[in-house]
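Please go over the structures that come below.
In the two complexes that follow, chain A is the common piece, with chain B as its partner first and chain C second.
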Partner chain A sequence: MEFRENFVFWILVQTFYVGLHLLTINIYFSFTDTIAGWTKPEVYLLVGIFRIMEGTFKMLIHPNIVKLPEFINRGDLDFALTKPVNTQFLLGARYQRLDEMATILGGVGVLVYVYSQNLIPFSWYSVLSILPFSFLGLTVMYSLMMFFVTLSVFLTKMSSIWVYWEVLSKSLRLPIDVYTHGSKVFNGILWPFIIVVTLPAQIILGKTSVYFFFLEIIGCIILLWAVNKFWNFALRHYSSASS
Partner chain B sequence: MSSIISVSKLKKYYKVHQKEPGLMGSVRSLFKRKYYDVKAVDGVSFTIEEGELIGFIGPNGAGKTTTLKVLSGLLYPTSGEVSVLGYTPWDRKPAFQKQFSLVMGQKNQLWWDLPAIESFILNKEIYEVSNEQYKKTLDELVELLEVKDVLKIQVRKLSLGQRMKMELIAALIHSPKILFLDEPTIGLDVVMQKKMRDFIKEYNKRYNATVILTSHYMDDVKELCKRVIIIDKGKILFDGALDEIIKKFANHKLLTVVFSKKVDKEDLKDIGVVKEFEFPKAIISVKRASASLAASELLQNFPVADLNIEEPQIEDIIREVFTGRDLA
Partner chain C sequence: MNKLLSYLRIYFLNTLTYRGDILLFTISGITQPIINIFIWLSISGSAATPLTKIEFIQYFILVILIGTWTSAWAGQFISADIRLGRISPFLLKPVSFIYHQIANNIGEKIIKTMYLLPFAVFLGATFNFKLPLTDYFHVSSFLLAIIFSTLLLFIIDICIGFGAFWLDDTTAIFEFFGISMFFFSGKFIPLAIMPKIIQQMSEFLPLRYMLSFPIEIFLGKLSTREMLTGLVIQSLWLVVFIVIYKLCWTNGLKKYSASGA
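Up next, the complex of A and B:
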């Protein structure tokens, strides 16, 4: 927010991305009625959820996690480690990118369009459930990213971590069934991606059992606990940097 | 007085690998690496009383900063026992962390793109300082360091001196009992160095805070510290009063002579090491034990107008200790 021009420009870029995403979906569906069992309105719903999740992730989580490997490499964790607060929290809540609000609003706009045009029948259950699903999806994404970033304490440099993020974010733009159709191997590899966006959309659309929601809650708690343990263990091996 | 810090047989070793230069060196290190241990701190023991202001001096890589990092809980030691305020630092208990502060001259904790006041507010919340206490402490520190006009300016736009003052305020906003200062005057001009020293001295006196200071500038140590710990290659070489360094390590004295007539510099070399010679003045370094004899030789054999026998500068003695060279 300190750099106003950059802030305004980023909002414009994000608005353009949302438009481009929808245009791509429209091009796919100009050749077919369904993709891997998903209709165009259903994919719109998924796009809306994806944009909200991506925007929230990039607004609250990504700006902090992206800096962690460099902090570790350059010994900049020093000050955080002397503070009387949970370091994982402190380092995870340092920066926010409010310009990513444009991405979130783009996603909300897509959902408003889907429901207002009655492309998918409106129900309070489906609309309100987006919030807890998004929260759980973000928790999964945070935990996975945090796990990989924590490895940099041992490996010092972990620049390849962002390849994983790129694969994740690109894969989530379409229903995961597109990639995993008929392949149990892919299902196994891409399960975190499924949990993040496709599963919420599937549950809202009644494509899968609501019990997965409860499984997701349990999975998230286990993931958060495990990542916190791993982080604290890694800090024992933090070597700072010469000064 | 009671010990506020006690360190016993502290060791901190790092495992590092060596890489041969060039592309082939990089390829080789991908498959096979040679590791070796760097003994950053190697069996260090000392205690510090409450309210002491101690100078921790040593050359680059001596182990000063590593020791401070272990004392502040950043690093886990390889072995040894450390107690700071009754806590084991690397347990990182919040109750312990609220009572000390670490300032590193080469790193900053302030938010680069925000005014320093924002970092102070954040620290206030992190350390759970009450509004009244925060206002009182901030006002005092701002007045003492004369930075009222720059509190709301982005940190990246401040001068190095202003930034260092802000770093100190951020570190002191919770009124810590112990202050670890790692080269706080590095890169500052002489005027700013003096101001920082005055501030540290005043803070130590006013709040009875325990201060451990590392610095490459002997002026910092001479002006601030009664006691110094000299560390080199991870081991303590000296721990005691500053003026005891001279007794322990200085094996020479300086004869400052003013001649009444021209003398040949070569002739003075029989007396000792001629450190300076610019007629009519010369400074000659001689062995401590033979200082009186050398003085008498000078008086007998040269046209001496004035003669002084002086102790060498502490800087010179410490340089001798670190380089292992006898300058006499």
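Up next, the complex of A and C:
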């Protein structure tokens, strides 16, 4: 509460960023009606869902993940390793950043706008399905980030985890089709990125078959499993800088 | 000058130790322009845009290169140093405070350029850049514009950092600065695409002169007259901010309490 003036300002800034994001999209669409097969309201919906995911991620997961390399660098990981809990879980649940609430609210605001203006026909099915999809997308985000962070166990000097997040969050905030143009090869390579928010938005909008939902779940499980394996593998190579 | 050179050497070697990090910074710097290239390629595929496909690509490649050379990052560090009382050691040294910042800035940029150069040569050859080398006026105003842009952004960034003499937290001002850059510097969206009102405002605000202006000269978008006016406005802003810098530094030091010392 000490910095509450700053907090209020932060909420303003976050709201402004969401506005800026929409404005950029408006500029893109002032030249054309569809970009890579997406219309403006459809991209709005994607942005709304993405903001909710991004906010949740930055509120609960990101503050912990960015601290990991520092732990590794200083050898503090030793303490965590001796605790009788899954290390991956322990290190992932220490800190929260409540001001990211603003990002989530911004995302909700976008969705309310999209549905209330009837830019996308309202249906309970589509609104309610946003929640499970956000959860799934979040786990994918977590897996992707953990993959990069785990890399830093090997490359101890790389303390700039925020860079990975920068690259991830910037490339995810638009439909991945913009990059792949529907090419099967590129879609195949980029599938972990597609299932974060592009595929969920497509399913909610009815752009693809509902059966892709299973693909989404399978994808999440595979990624979580792979990252956990990679993390355990990295721990076995952890050299503990201090001792 | 000798002092500056030896500091430059120190900071260059210092950065070399963190070359992994610098590589990552470079990657993060080129992400957004590359994403923008993709976006505008998909848009201009189906619609008439003020710039052609090839011009969009050229524009954002230049954003990467010139953006790297003109970039500045000292402000955030300075404001943290002021808040935590960490600029005291600098004050004791027989070299002006700003020398450290200049050396750090240039030292890091040399490494970044080394990463970007192969990439730039490749892209430049692919998308057939033509630098009008025979036109001395064009070339010299381009070089001058880059130098001025670098200095301008560097000084403004530091001035914002000096805000920490009076405020506890300068993040908000940096955010505001970032948002203004979005509209007026051409970093994210070329000014030619922006609404007329923003284009007109950008001609007088300092922000265009920190990135877009040298790019416009390079791409041959400006007439001789526009180049000259631009350079004049650019140098005027530079003078204004150098004065602000001097004022902030002398008055700020009086406020500075070296907390923690």
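Annotations for the structure displayed:
To be clear about the criterion, the second predicted complex is superposed on the first by the 224 of 243 C-alpha atoms of A that agree within 3 Å, B and C clash if a C-alpha of one lies under 4 Å from a C-alpha of the other, contacts with A are read in each partner's own complex, and residues count from 1 in each chain.
Everything below uses one rule, namely that a contact is a pair of C-beta atoms (placed from the backbone, for glycine too) under 8 Å apart; a residue touches a chain by one contact, two chains touch by 3 or more.
On a predicted model such as this, the values are computed, not experimentally measured, just so you know.
Of the two partner chains placed by superposition, only chain B is touched by A:Arg236; chain C is not. Look at A:Phe135: by the touch rule set out above, it reaches neither chain B nor chain C.
Of the two partner chains, chain C is the only one touched by A:Val163; chain B is not. Of the two partner chains, chain C is the only one that A:Phe9 touches; chain B does not reach it. Judged by the number of chain A residues each one touches, C leads among chain B and chain C.
Residues 3 of chain A touch chain B in one complex and chain C in the other. The touching residues of chain A, counted against chain C in their complex, run 3, 6, 9-10, 13, 16, 20, 24, 27-28, 31-32, 34-36, 155, 157-160, 163-164, 166-167, 170-171, 174, 178-179, 181. By the touch rule above, chain C contacts chain A in their complex via residues 18, 20-21, 24-25, 27-28, 31-32, 35, 38-39, 42-44, 46-49, 169, 171-172, 175, 179, 182, 188-189, 193-194.
Those residues of chain A that touch chain B in the shared complex are 2-3, 75-79, 81-85, 90, 236-240, 242-243. Across the complex, chain A is touched by residues 14, 61, 65, 69, 72-76, 90, 92, 94-95, 97-98, 100-102, 104, 106-107, 109, 113-114, 126-127, 154, 182-183 of chain B.
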